Structure formats: structure tokens, C-alpha cells
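See the structures that follow.
Next, two complexes with chain A in common: one pairs it with chain B, the other with chain C.
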Partner chain A sequence: MKLLERLAKIDRRIIFLLVGLAAIIPLLIPIGLPVDITKPVQNVYDTIESLPEGSIVVVSVDYDPGSEAELYPATLAFIEHCFRRNLRVYMMGLWPAGIALGNDAFAEIAPKYNKEYGVDYINIGYKPGGPVMLLTLGRSVADIVNADYAGTPIDSFPLGRAVKTARDMSVVMTFSAGDPGILHWIIYFNARFGNVICGSTTAISAPRQYQYLASGQLIGLLGGLKGAAEYETLVDRKDRAIAGMDSQSIVHVLLVIFIIIGNIILLSERRKK
Partner chain B sequence: MLTSVGIWIAALLTLAIYSFLYKDNPIYKVAEHIFVGVSAGYWAVVLWSNYAWPNLFEPLVRQGNLLFIIPIIIGLMMFAPFIPKVSWLVRIPLTFTMGVSMALVIIQTVQGEILPQVRATFLPLVGVPLFQMVSNLLIILGVIFTLIFFYFSKPHKGALGIAAKIGIWFMMVSFGASFGYTIMARISLLIGRMYFLLHDWLHLI
Partner chain C sequence: MKRTIPLIIVFGCGIFMLISFFIPLRWVQDTSQLLQTWYLGVIAFFVFIGIANIVRVNVNKIQRKLADWQYSIILLVFLFVMIGAGIFGGPEGGLFNYLFHNFQIPLSATMFSLLAFFVASAAFRAFRARNPEATLLLIAAVLVMVGRVPVGYWIWHGFPDLVEWLMQVPNTAAKRGIILGIDLGLISMALRVLLGIERSYMGGKD
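Right after this comes the complex of A and B.
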């Protein structure tokens, strides 16, 4: 009983310290816990695998550095998969800060596959306007895009000239941290033009997307860092998402233990009263 | 060189923010104020360079399209409440915005959300594998019982009360899943920061 009373009054900083250690130690000393592949992630992979070479994949970087930890690893793994399959990547963003992150991802992956800017990949930059912009983009890209992110005329790039309407976009992959993001692509773009939409969201947003997976409006989903780790496993790219999975699992176990102890303390206090 | 300076600044600011976990302190306050100031400046530039300049001032100033004076006037009416005598003018831009937004949202919500989601509940219960049948049945029952919970025209008593309670259980499962995912997201952010400190800053991994 004394132990429970002591635990009830434990300094919360000790809990912070334990959680911190549980996150840091597995990063320093990896355990290599297995990463199982779930169906929504497999669906994204299969969709990309099914595309013929040269197909155009729209990558919408709809997040900012606040969600970088969860979505950037997925962005890297996805772009690597596209380049490995010789697909062309047409990048844009519904969040202004996403554009720089998208360029970082290109800088990291494109040289590995000798991909050329404007031919194999392009970044058309931040596109404000939410639903109106997406509906116009699908109807006529020229009404929305006249230059790339750096202000170079879009017609000076072969890939820029190749995308005229939604019909030229084989798949849309959105990396989404909120609004505007994946819901706009599903509710507006998919509903109006019928394009295949895949997504990668922060873990908080992931449960909301399952209804769209069930209805077929969303074909595949990478949910949070776990989804990114699964994709890294599928494309055989052992990077930061897989590295973080050991920490994620151990912290989760620790939190489950805390929840159980907290409930035991609560029940024992209720019984006393 | 610039990258290293950036990494050092980011690392020190990360530690400054985490110092709040021990207790509130001046270093945390400095980092917090830097964040607020940088964010405000950043968004001011984003709004000017992505919204105001290309969509409004560039066509007006560079192309001499005088029609763009109309949206400027309508936009300025948003500030009308600051002058009590003409505060009613704010209704004009608000009505315009509401009209356009509602037209967009109503059409697309019906087309992109309500109809496909209702269609997704028309699921087969026979002629499918057992697991699929149970899964489909749970979705159908979950939708029906949850909708019953939100039916407020009759008191939740008797059969309606039992159905509403079952609806609550379905929602509880949904909230539990969301809470689990929320914890996962927060831990992922912590891991991301730790990865940055250990990999990009200290080069330990």
C-alpha cells in the first residue's frame, strides 16, 4: 500500500525522464523490433508498383516542420520508390513551408538516381486557395501554375508542359498534417475528377482517414511514423522511421505500464473512500 | 558552415523548450518569444508574397487592371467595425465570403463526403467470408446505433435508450483508437527531436 501511495505522489519529472530515456536509449542501441506491413501501406506500395514507367505522380507536401518528424521520412521513402520505378514526380504544396521540405527530399534522393530537375521531377511551389485552387487545377493546370517554385516559367520544363489537367496525373500522394490537406484532395479533387488518391498523415489524423479507405475514396494510407517505417521496409530503405520504431514501441509499453499503475492507484483510493 | 550554425541554433532552441519540463525558466521564455516573433514575421511574408501581391497588387500595379480596385475596397470594408458610423459595411464582404463558401462546401460535401460515405455502408452480409461478414455487420450496426444516439427528438428511454447506449460504446471505441494514435503522434515528435539531436547535432547515430 505504501508503494502505491508513493507512486501516486511521484514527481511528474521522473515520468518525463523515463519517457525521454525510453526514447533515447533504443536510438543509441537499436533492438531491431520487426515492422509488420499493414494493408493500407501495402496498397500505396502496390499502387506505385502498378504504374507504367514515365507516369506522373503528384506529390503534395501539405505539412511544415512541426510535423517533419512524422511525415518527412515517409516523403523520402515515397520519392525514392517513385524514382526507382522511373516515375515522374510533380511536387506542389498546400502549406507554404512544405515546399522547402520537398526540395530537401529531392536534394537527398534525386542525385542517387541521376534524376534531372524539370524532366524527371519538378516543384511548382506553394499553391494557396484550398478547394477553389484544387478544382481549377484539375480542370486547367495553366490557370493555376505559370512558374515553378523559383519563378522559372513552367513551359520551359518538359514535365511542366506535360501536366495540363487532372487526366495527366496518374496518382496523387498527399503528405498531410491537417487542413488544408488530405481531406481537400479526397472531398474536392477525387470527387470531381476521380483521380487515385493516396495519403500519408500524422498519426493524429490517421483514424479519420479509415472511413475514406473503406469507401474507396482513399486507396492507401501511411499513418504516422509507423506508416513511414512500413514503407521504408517495403522499399528496402532503412532510415529514420525504422530507427524510431524501437523507441516508439518501448515508450508505448512504458505508457501502458503507467496507465495500468495509474488505474490501480485510482481503484485503491476509491476503495479506501 | 551556415548549415552547422542552423543546426546549432535549432539544437539549442530545442533544449531551451525542453527545459520547461523541469520547470518554467527564462531560457524557455526566450525560446518561446523567438518562436512567436519568427512565426508572425514568417506568416506576414507568406501572406503578402503568396496572396496579396500575386492575386491583387501585381495585376493592379504591374498590369494596370483597375478592376482589382473593387476587391481592395471590399477587403477594406472588413475593417469597418473599427469606425462605428460605418460598421454595417462589414456585412458586404462577410455576405460575399459566406455565399461563395457555402456554395462550394454544400456541393462538394454532398458529392465528396455524404454520398460516398452512405454508399460505403451498403455492405453485403451474405456470400462473403465469415470475417468479412462480421466486419461489415459491425460497420452497419456502428452507423445505425451512433446515428440513434444523435436522435434527440424522443427521450433516450427503453429500446431507444439501449440503442443509444450501444452507440456510445461504438463511439468510445473510436475515441480510444484516436487517443492511441494521438499518443503515438506525440511520441513520434519526441523521437524526431531526439533523432535530430543525436544524429544531426551530436553525430552519435
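Right after this comes the complex of A and C.
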């Protein structure tokens, strides 16, 4: 009983220390836990596999550095998959800070597959306006886009000239940390133009997307770092998401232990009363 | 007149945009497109209003030496340094890229990562089975927490399927109910604005 009383009054800095250790140690000494593949992630992979070479995939980088740890590994794995399949990537962003992260992803992957900017991939930059912008973009890209992210006229790039309306976009893949993001693509772009939408979200916002998966408005979903790890497994790219899985597993187990201890304390307090 | 004319504009534009969704006539679609392009133009001004507001609030804080006023200096300095680096060096510019990769990314990631520590502390102290509803929530949370990471699959191969079922059936049912409620509220709010019943967006008194 004394132990429970002590635990009830534990200094929260000890909890912080335990969480820190649980996160760091598996990164230094990997366990190599197996990563299973869930259906929503498999669907994203199958959608990309089913596209003919040269198809245009819109990648919308709708997050900022705050969600980089969760969504950037998914961005890398997805772009690698597109390039490996010789698909063309048309990048944009509903969040201003996402554009630089998207460029980082291109810089990391494109040289590996000898992909050329403007021909195989392009970044048209940050596009404000949320739903209204997406509705206009789907109807007439020229009304929204006249230059790439760096200000170079869009018509000077073959890929820039190739995308005129939503019909030219085979798949939209949004990496979304909130609003504006995946919901706008589903509610406005899919509903109005019928484009195939896939998504990657932070773990906290993944549960909200399941209703759209059920209705078929969202074809596939990478939920959090786990979704990214599954995608890395599918595209055979063992990188930071898989590396982070051991760490995330141990932290989750620790949280469950904390919850159990907390509830044992509650039960013992009730008995005393 | 100061109130009537804006109300007429809101009513006219709102009703027009609403019916344009169902009328595929060329002139209707073109006018709808034009109104949306105007909206995008107006949005560009929001950035300036936002920056002006940040500057005003923080300059005021510095002048009055309110709590933590020193942070306002840092905020304003970096605000203008980033703007200057972006305008003069472009998005690929050395200083802009340096600040983005070496300040913004690590600082934002750090702020977000702190959540894990607070969640752990809250899980220990507050996530208690005090009544049947809380117990149900707690069981679901524990199952999802374990089943959504590889350790769950390692413990029992059926764990991920169980979690997927939880997400697809009970979670989706509850979310749909909540979202339908929110959307009905949004529709009624939009109608109130269109019909001029809700006027608070115009500011001032009725």
C-alpha cells in the first residue's frame, strides 16, 4: 500500500524521464519489431501500382515542421514509389511551410531516379484560399497557377503545361496535418470533380478519416508514423518511419502501464473510503 | 443604408452561389467563377492584416513592458528577417533556407514533441475508470494504443484487425453522428446569415 501511495504522489519529472528514455533507447538499440500492413495503407500502394506510366499524381504538402516527424517519412516513401513507377509528381501545398519540406523531399529522392524538374516533377507552391481555391483549381488550373514556387512561368515547364483541369490529375495524395487539408480535398475536390483521393495524416486526425474510407470518398490512408512505416515496408525503403516504430511501440506500452497503475491507485483509494 | 446594402449583397451573392451549384448554364458558371476569383483576391489581403495585427499587438506589449515582453522583440526581429530573406533571397535563398531548416523545423518539432510528455503525465493522473462510460473509453484507448503499433502485432497477430474494426465501426458510427450534428448546425447558421438574422459578422450594434 505504501508503494501505491508513493506512486500516487510521483513527481511528474520522473514520468517525463521515463518517457524520454523509452523514446531514445529503442532509437539507439533497435528491436526490429515486425510491421504489419493494414488495408487503408495497402489501398494507397495498390492505387499507385495501378496507374499507367507517365500519369500525373498531385502531391499536396499540407503540413508544417510541427508535423514533420510524422508526415515527412510518408512523403519521402510516397514520392519514391511514384518515381520508381515513372509517374509524374505535381506538388503544391495548402500550408505555406509545406512547400520547403516538399522541395527537401524532391532533393532527397529525385537524383536517385534521374528525374528532371519541370518534366518529371514540379512544385507550384503554396496556394491559399482553401475550398474556393480547390474548386477553381479543378475547373481551370490556369486561374490559380501561373508560376511555380520560385516564380518561373508555369508554361515554361512541360509538366506545367500538361495539367489544365482536374481531369489531368490521376490521383491526389494529400499529406495533411489539419485544416486546410485532407477534408477539403475530399469534401470539395472529390465531391465536385470525382478525383481519386488518398491521404496521409497525423495519428491524431486519422480516426476522423475512416468515415470517408467507408464511403469510398477516400481510397487509402496512411495514419501517422505507423502508416508511413507500413508504406516504407511496402516500397522496400527501410528509413526513419520503420526506425521510429520501436520507439513508438515502447512509449505506447509505457503509457498503458501508466494508465494501469493510475487505475490501481484509484481502486485502492476507493477501497480505503 | 449602411446595414441594408451589405445585407442585400450577402443575400444576393449567397443565394447565387447556392443555386449556381445546380445550374450548369455557361453564364451562371462564369459568374460563379468570377466571384470565387474575387474571393481569392480578398484572401491575399488577409496576410497583410495578419502581419499588421501581430506587429501592433507585440509593439504594444514591448512599449508597455507587459509580461514576457522580451519574447515579442525576438518574434518581431525574426518575422522581419524571414520576410526580408524571402523577398530578397527568394524561397531557395541561403538565409531563408538556413533559418527554415535550422530554426523553424527543430523549434516546431520540439514544441510538438513535448506533447508526448504531457500526454504521459495526463494518462497517469487523469485517465481513470471512474464510471462505465470512462471505463469503455479507457479499454478502447488501450486497445488502439497497443494495436496501432508493431508491438501489438508482435503480441497477437489479430490485434491490428481488432483495432481496424474499432476504427471502422464504432469510431465511424460515433464520428458520423457528431459530424451530421455539426453540419446541420452549419447549414442553419449559413441560412441565418443569408436571411440577415445573424448580423454579428458586420460588427457593431444592430
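Observations on the structure shown:
As a working rule, the second predicted complex is superposed on the first by the 273 of 273 C-alpha atoms of A that agree within 3 Å, B and C clash if a C-alpha of one lies under 4 Å from a C-alpha of the other, contacts with A are read in each partner's own complex, and residues count from 1 in each chain.
Simple rule for what comes next: a contact is a pair of C-beta atoms (placed from the backbone, for glycine too) under 8 Å apart; a residue touches a chain by one contact, two chains touch by 3 or more.
This one's a predicted model, so the numbers in the text were calculated from it and none came from an experiment.
Looking at the shared chain after the overlay, A:N263 reaches chain C, while chain B stays out of its contact range. By the touch criterion defined above, A:G244 reaches chain B but does not reach chain C.
Once the two complexes are laid over each other on the shared chain, residue contacts for A:A203 go to chain B and to chain C alike.
By the touch criterion defined above, A:L33 reaches chain C but does not reach chain B. When the shared chain is aligned, chain B comes close enough to touch A:A191, but chain C does not. By the touch criterion defined above, A:G216 lies against chain B but remains apart from chain C after alignment on the C-alpha atoms of chain A.
Of the two partner chains, both chain B and chain C are touched by A:F16.
Between chain B and chain C, it is C that contacts the larger number of residues in chain A. When the shared chain is aligned, chain B comes close enough to touch A:I24, but chain C does not. Contacts of A:Y149 after superposition on the shared chain: chain C is touched, whereas chain B is not. On chain A, the patch touched by chain B and the patch touched by chain C overlap at residues 16, 19-20, 23, 68-69, 128, 132, 203, 206-207, 211, 214, 223-224, 226, 248, 251-252, 255.
For chain C in complex with chain A, the residues that touch the partner chain are 33, 36-37, 39-40, 43-44, 46-47, 90-92, 97, 100-101, 104-109, 111-113, 116-117, 119-121, 123-130, 138, 141-142, 145-146, 148-154, 157, 160, 164, 167-168, 171-172, 175-176, 179. Chain contact summary for the complex, chain B toward chain A: residues 21-22, 46, 50-51, 104-105, 108-109, 111-113, 116-117, 119-120, 139, 174, 177-178, 181-185, 187-195, 198-199, 204-205. On the side of chain A, the complex with chain B involves touching residues 13, 16, 19-20, 23-24, 27-28, 68-70, 96, 126, 128, 131-132, 186-188, 190-192, 202-204, 206-207, 211, 214-217, 223-226, 240, 243-244, 247-248, 251-252, 255. Considering their complex, residues 10, 12, 15-16, 18-20, 23, 33-36, 38-39, 64-69, 97, 99-100, 103-104, 125, 128-129, 132-133, 135-136, 139-140, 143-144, 149-151, 203, 206-208, 210-211, 213-214, 223-224, 226, 229, 245-246, 248-256, 258-259, 261-263, 266 of chain A touch chain C.
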